[in-house]
Amino acid sequence: MQIPTGTQPGVEGAVLKADVRELDFYYGAFHALKRVSMPIHDHMVTSLIGPSGCGKSTLLRCFNRMHDLYPGNRYAGGGIVLYPDDTNLLAPEVDPIEVRMRISMVFQKPNPFPKSIYENVAYSLRVRGMRNKNELDDRVESALKGAALWSEVSNRLKELGANLSGGQQQRLCIARALASDPEIILFDEPTSALDPIATASIEELIIELKEKVTILIVTHNMQQAARISDFTAYMYLGEMVEFGVTDQLFIKPQKKATEDYITGRFG
Amino acid sequence: MVNAADPNAIRAVRAIIARAKRWDLFFALLGILSLMVGVLTFSVLFLDMAIQGVPRLDLEFFTSFPSRRAANAGILSAWVGTVLVMLVTALAAVPLGVAAGVYLEEYAPKNWITDIIEINISNLAGIPSIVYGLLALGLFVYYFGFGQSILSAGLTLALLILPVIIVATREAIRAIPQSIHEGSYACGATTWQTVRDHILPYSSAGILTGVIIGMARAIGETAPIITIGALTFIAFLPTAPFSGEPPAGLFDWIFAPFTVMPIQMFNWTSRPEAAFTVNAAAAGFVLVFMTLAMNGLAIYVRYRLRKNIKW
Amino acid sequence: MTASAVLPSRPVPSASLGRGVSDRLRKKASRHVKERIIEALLFSAAAFSVFVTVAIVYVLVKESWVFFETVPLSDFLFDTQWTPLFDDAHYGIMVLLSGTLTSSGVALLVAIPLGTVIAIYLSEFAGFKVREIAKPFLELLGGVPTIVYGYFALTFLTPLLQKIYPDLPGFNLLSAGLVMGIMIIPYVASLSEDAMRAVPMALREGSYAMGATRLQTALWVVTPAAISGIASAYILGISRAVGETMILAVAAGMQPNLTFNPTEPGATITSYIVQVALGDLPHGSIGYQTIFAAGLTLLLMTLAFNLLGYWLKKRFREVY
């Protein structure tokens, strides 16, 4: 298959990184995603917005096959194609662990492991079989720097990750996701448990990160989506209502439903 | 780290994953194997005892007293003793344990006295049963002068299973949602009315489960009863109510000497003759059957409880 | 007025309520008295458990006193013989202690590895169905009367071991210890599993999202997070092993034997108490009082373990 490029008008040189195609997903009998399609562009920030329960987290968690952890969850049609190798992430023969090694995730509530700061970051490298102390040290340092945390923790790497403040913990989780050099990082409302200052620093960080990785972020905060993302997708009741370049979607939405939601007229 | 365009990198990652997954599989097998050790031991134990003992199980075995001749010996005094001891145990432990559990969940203020009671109960649960036997020997047998009687044994086992019942009661009560409490208080009920009309009825199945498990444990307890000096050879039954020497009363039997199932089994197990070993197997089979039945009942009650209750 | 542990409310004195019908007030007052009486009764039931502990300590100390008036503590602790029933009586508790430690050691070598592996398997690997069957089964395994385990050790396992190792005596600590280990597995497995299941799913998801396998998640994330609960499961296992009586009384023989070799017969603190209780020594004789001294030793040991477990729980309360 050809790698489609520049599919989005108005954004110079946007290259597809992944493509969600008519994806159906079920929690048991509950149809949570209904023929959802959307593109994800390389080295861009794409945000998912929509009212609570519309399926944002559900879609996000398809990307690294988190749903495989629980019985009863079912990918029922369509898929997510990852480029440049053109693999369907959801194909049964594709190993979820391999997917997760390529696509990492940061959660809503910071969830550092009950380990030292150092070990938290080294974890994703150890999982990949890395044992060399020097190499680990280097990678941990650069991941912590990448997550803008190094200066705050460089002299307390042996302390428990849980001793950090909430915002620091979240940046630790970002460092953890960053350490293994993933292709995409998924963020599920990464700032909803944080105060405004910590939120601002995470937002800044996410904008910096797109130099290195592709980012898909779920957020409830429309200003946040407008501030940090290049593309935005609006979902409602398990369906993709509208996808577009962020500025256009917020200024001139194509659909009435989107307009109602972003102008706050939504019920 | 994974450069998707580079087939070598992909291959390297797949090799790492494959190795990690081999360990996963290895551990899963180890887990199943470990479970099997338990299953196998239990099956062998049960079958071995059944093969040896079941042929010995006829009506006579249940209606005969122990005897010097293995072939004539039976478990009449043992099972009657067990039933009577369990009766005393239940009568003592259930009200006390439930009351304590209710107090701790519904009444207890948060202070050091409550803390001490709570720590104490979890500590009691960890004290070996034979120590309860020594307590009973000093307290019931000699100090209160109950002697080596059904009463002493029943009370000993009651103390032993008290923590089990308290903990079960508390857990059952804790499973009741706060909204039920609030609903009751909102109707103007006092604490006791709330407990009597709501808490106890709704937690009764959970408490029952705990009581059954506690009794199943008590039925098999041997050490504390040996310690209070239960006799191993009892060829008579306790006097029935009102049938002893005058002035005969309803509860004369509680001061009778006695034996119980596990002690009878112990007695036969310690004999070198093979014929007594067969008796031990038969008694053991009955004993295991009783505890299994009680545990099974508890599991069933809990299962029904989980299925039926929707808050 | 103190707040209840569960509810902030308790029947509030009606002073501030309307001073309406005097009759109603009177009813309130009597109701209040009744509530108080009931609360007092329930409190005494709860406080009774403290009385039990006090009684245990009192009885053991008082009866041991009689013993220690005759036998110096140093003899009790350092003598290497235990022959209270002989004319040349010796009271070296370490003889019984060696039996207790040896058999417990064997039991824990079985129970801790198997129990831990089972716990990890059930909590992190097994499907819902397997767990629903395995947990009650483990409970059953833990509910089998220990006398039955003793019978099994004596009449089945020992003859089996003798086929492999013909010099093994008919009574030995090994066979008793092995069976005791099997008996303890459910305690270790079930409590460890509870501790692991209490680890929030968010931590596991964090690990899986990094591309970890089940085993990596189990060993590197879940187990460290649950470590204090697992440690207290082990401690409970140890205190079960030390206090176990009937398996040893039946299968290990009751001759006191200062040894750490499990292939020998030996008496433990517990089986010695059984032996004396079965005999016909008169209450008050020095031989008889030995069982209280032995019991006190046992109580102090298990108390130490309980406290250690309690401390571990407090000290390393999981921080998720």
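As written, the chains take the letters A, B and C, and residue 1 is the first residue of each chain.
Here is the rule we go by: a residue touches a chain if its C-beta (ideal position, glycine included) is under 8 Å from a C-beta of that chain, and two chains touch if they have at least 3 such contacts.
Bear in mind that the values here come from a model prediction, so they are computed numbers and not experimental data.
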**Prompt:** Among line, ring, star, complete and other, which one matches the pattern of chain touches?
**Reply:** complete
**Prompt:** Which chain pair shares more contacting C-beta pairs: A-C, or B-C?
**Reply:** B-C
**Message:** Using only alpha carbons, which chain's centroid is the nearest to the whole structure's centroid?
**Reply:** C
**Prompt:** When the centre of a chain is set as the mean of its C-alpha atoms, what distance in Å lies between subunit A and subunit B?
**Reply:** 52
**Asked** Using the average of all C-alpha atoms in each chain as its centre, how far is it in Å between subunit A and subunit C?
**Response** 48
**Asked** Quick one: subunit B and subunit C, Cα centre-to-centre, how many Å?
**Response** 14
**Message:** Please output the residue numbers of subunit C that touch at least 2 other chains, ranges allowed.
**Reply:** 211, 213, 216
**Asked** Where does subunit B touch two or more other chains at once, residue-wise?
**Response** 17, 20-21
**Prompt:** Mind pulling the subunit A residues that touch 2 or more other chains?
**Reply:** 97-98, 101, 127-128, 180
**Message:** Residue numbers of subunit A touching subunit C in their complex, please.
**Reply:** 64, 66, 69, 71, 97-98, 100-101, 104-105, 107, 109, 111-115, 123-124, 126-128, 160, 162, 173, 176-177, 180
**Message:** Using the touch definition from the top, list the residues of subunit A that touch subunit B in their complex.
**Reply:** 82, 84-85, 95, 97-98, 101-102, 127-129, 180-183
**Item:** Of all residues in subunit B, those that touch subunit A in their complex
**Value:** 1-2, 4-5, 10, 13-14, 16-17, 19-21
**Fill in**
subunit C residues touching subunit A in their complex are 127-128, 200, 202-213, 216, 220-221, 224-225, 318-320
**Complex contact set, residues of subunit B against subunit C** = 17, 20-21, 23-24, 27-28, 30-32, 34-35, 37-39, 41-42, 44-45, 48-49, 95-97, 99-100, 102-111, 114, 116-117, 119-124, 126-135, 137-139, 142, 159, 162-163, 166, 178, 181, 185, 190-192, 213, 216-217, 219-223, 226-229, 232, 262, 265-266, 269-270, 277, 280-281, 284, 287-288, 291-292, 295-296, 299
